[in-house]
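This report concerns only the one structure given below.
By letter and in written order, the chains are A, B and C; residue numbering begins at 1 in each of them.
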Amino acid sequence: MAQSVGKQQPKPHLREEWVGRVYTFLCILFLLLTIFSMVYFVASKGLSTFIINKVNLAGFLTGLKWSPDSEPPLFGALPFLIGSFSTSILAAVIAAPLGFCAAVFMTQIMPKFGRKIMQPVIELLAGIPSVVYGFVGLSVIVPLFRDIFPGQGIGIAAGAVVLSIMILPTITTIATDALASLPAGLKEGSYALGATRWQTIYRIVLPTTMPALLTGIVLGIARAFGEALAVQMVIGNSPHIPRSLFESTSTLTSAITLSMGNTVMGSIQNNALWSLALLLMIMTFVFVFIVRMLERRSKL
Amino acid sequence: MQDIGLSAHKLSVHYGEKAAVKNVSLDFADRQVTALIGPSGCGKSTFLRSLNRMNDLIPGARVTGDIWIGGENINSPQTDVVLLRQKIGMVWQRPNPFHKSIYENIAFGPRYHGIRDKKKLDEIVEQSLRRAALWEETKDRLHNSALALSGGQQQRLCIARSIAVKPSIILMDEPASALDPVSTAKIEELIAELKQDYCIVIVTHNMYQAARISQKTAFFMLGEVEEYDDTDKIFTNPQKISTSDYITGRFG
Amino acid sequence: MNAKTADKIATALIVTIAAIIILILAGLLGYILIRGVGHISFDFLTSPPETIRAGGGIGPQLFNSLFLLVLTMIITIPLGLGAGIYMSEYAKPGRGTDFIRLVVEVLSSFPSIVVGLFGLLVIVNLFGFGFSLFSGALALTVFNLPLMVRITEQGLKSVPREQKEAGLALGLSKWKTIRSIMLPIAIPVILTGTILAAGRVFGEAAALLFTAGMSSPRLDFSDWNPLSPFSPLNPFRPAETLAVHIWKINSEGLAPDAPEIAAGASAVLIITVLLFNMIARWFGRYVHRKFTATK
């Protein structure tokens, strides 16, 4: 027992420990560096429209006309902002009740069928690539809308429908988790008082899970807001504020997707697109912030 | 007077503001079994886990005081805990064999500590399994998964695993509480056998077990040692009312 | 209206909506498969596309997608594992770690088009990798890393604490315990998640438009020297993937059979993603059974 166990010369295990520490730390450092450089580069590019090209910020945000090739070029991003917000919010308006009903169905009405069949299928839906959604939207929804409603079928409505199917899995999964994690006593107490299932759902279940449901909806909107190709394929891509839901318009993402390849790096036309990307990024921060707030509230 | 294998001096453990162990000083003799008993939440497991610095893993846990092994305080930031833990074996409440073969479970430690020779490793595996009274049951299926063994066998394997790296101290945290009576009896026999070579500290809920296998017993309550004496004395003639109340089953 | 009637109506409504959702999903999958599968043939899967004439295939695109997937995973897995291990085992709880967590969450919510733009600016232009498979792989790595980190963290969290303690109590170093004791137990969870992440990579297009590019050089499938410019294995050549191809023929396809090609390619994409999904599920179940049956 006299042998010392503590302070000894460096041993192989110390080097090994060091390797592990350094390796994992470098990985996380890489991740952090990537994110910060991403924010930095997009921000500096996006801001140069206003700083170098002297485009008026207020005019950029409220301007109704986007015509980069006219003389002088006009950069009014409001049509894109309206396009992005209206499609993604409308998509959430469609998907949220559907997702909530699906979650109630899977947890309260037919849990076995829900877990075995419905949940896997919905998860599968989450894995379908967005271009495929765009393709289906273009070949099914757009012609359908063209037949039923006035116009070409393309526009906010088509975009919102495609997006609503895309974000349905997000909303459903989060709602299902929230409903499944409710303490059993809560529901049983309500049943014991003679309440019906529906009364229990809208008086007890809905209010208690509200923050989680909202989290799901915000995450859904965030995903819809950032989606590029599926929307671009069905929205029509004309840079105007539409007068109806079935008229061609654009979103932030679709404008970037279409024009980024056709502009010269460093030109004012190009920088304006980066400003749109910066707007997208800022909205991402806003969404993450809202989700955090909601999560904090649901913990209380 | 026997050699001291391990000695704690004014040891306290805090979780945040709360003190789980308060100012405990205990000497553990070499080649002897010391039992730590007491009601749930009295700090006996926390105390045990401090002895091989396992509490380092728990965020917010703070261990103060000295732990002496062979003239060195191992509760210091300079201590190389990896080397320290090679000297101290540990057995948990629930058997936790690695998800590997029986052979690998035992050879893993020694190989890591530098023994590469296949023959030498075979020898260590056999010896350790024999010591743990598991050799006869497992010698034909050394390369099967350890998870296929019964709970009692798994626990003996865990003991074999810890003695394979040649520790001098073995800490046991209720090693038989998850086992059936037959397996428990085997584990107790094994402990009695192992005490010839090791300093063993065992936490147990079962007072009969403490009486059967230990030479010394410390009674913990609310994070403090109420009484520490020869096991015979604690069980036949306790000095404190709380000890006798606990032993006679008035609480706990 | 009394409570019982309301309950009945609500239940009926919910069941109907659930049925409609299932119908939509089934219709969606059915539509793509039925429209597309008929167009899939060996020739379609192997021949190069045509710009103006009918009868083009998706051979190079399919190859590019698979090659890009492999490249991306080779870069993503070691980085993601390392960062995930750091977050779960080395990071000390506190403000710094909370901040890293927030940052990773933000990265995982960035739209993929923004990731693609970043790739264009930094990887393609600043580092000078040009429109290439390698640039695409790096962009997809950025896009996939947060997911990989989360998967690794989840996997390590599923390891019982006693396993980790047993390793450390034997006198193993922390790194050795993580590598040899914890990771093998966490592998099923990590692998299942990784396969699903791979499916995501396979279908991603927006992040690739401006990194891997929207066209492929004429590939010479008899030239397997990774350094020659027409070799399929050259990671520094531009490469249009299957998902990008679908987007492109839908928005600017000139070939008369463009809709059929899009349908066929979509079906191939869906089937591949389905396959990834099924493999992940089957694998998860298999490992689960293997671990529980021997207990």
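Keep in mind that, in the parts below, contacts are C-beta pairs under 8 Å (C-beta built on N, C-alpha and C of every residue); 3 or more make two chains touch, one makes a residue touch a chain.
A quick note: this is a predicted structure, and the numbers were derived from the prediction, not measured.
Relative to chain B, the chain whose mean Cα position lies farthest away is A. Of all chains shown, the one whose average CA position lies nearest the global CA mean is C. Set side by side, the interfaces B-C and A-B show unequal numbers of C-beta pairs in contact, with more at B-C. Separating the CA-averaged centres of chain A and chain C is a span of 17 Å. Remark: chain B and chain C have CA centroids separated by 47 Å (rounded to whole angstrom).
Per-chain CA centroids place chain A at a distance of 52 Å from chain B.
In chain B, 82-84, 87 are the positions where the chain touches two or more neighbouring chains simultaneously. For chain A, the set of residues touching two or more other chains reads 13-14, 17.
Across the assembly, chain C contributes residues 173, 176 that each touch 2 or more other chains. Those residues of chain B whose C-beta lies close enough to touch chain A in the complex are 3, 5, 30, 69-72, 74, 76, 78-80, 82-84, 87, 168.
Interface residues of chain A facing chain B in the complex, by the touch rule stated above, are 1-8, 11, 13-14, 17.
Residues of chain A touching chain C in their complex: 13-14, 16-17, 19-21, 23-28, 30-32, 34-35, 37-38, 41-42, 45, 97-98, 101-102, 104-106, 109, 118, 120-125, 127-132, 134-136, 138-140, 165, 168, 195-199, 201, 222, 225-229, 232-233, 253, 256-257, 260-261, 265, 274, 277, 280-281, 284-285, 287-288, 292. Across the complex, chain C is touched by residues 52, 54, 57, 59, 81-90, 92, 94, 96, 98-100, 108-109, 112-113, 145, 147-148, 158, 161-162, 165 of chain B.
Touching chain B in their complex are the following residues of chain C: 92-93, 160, 162-173, 176, 180-181, 184-185, 291, 294-295.
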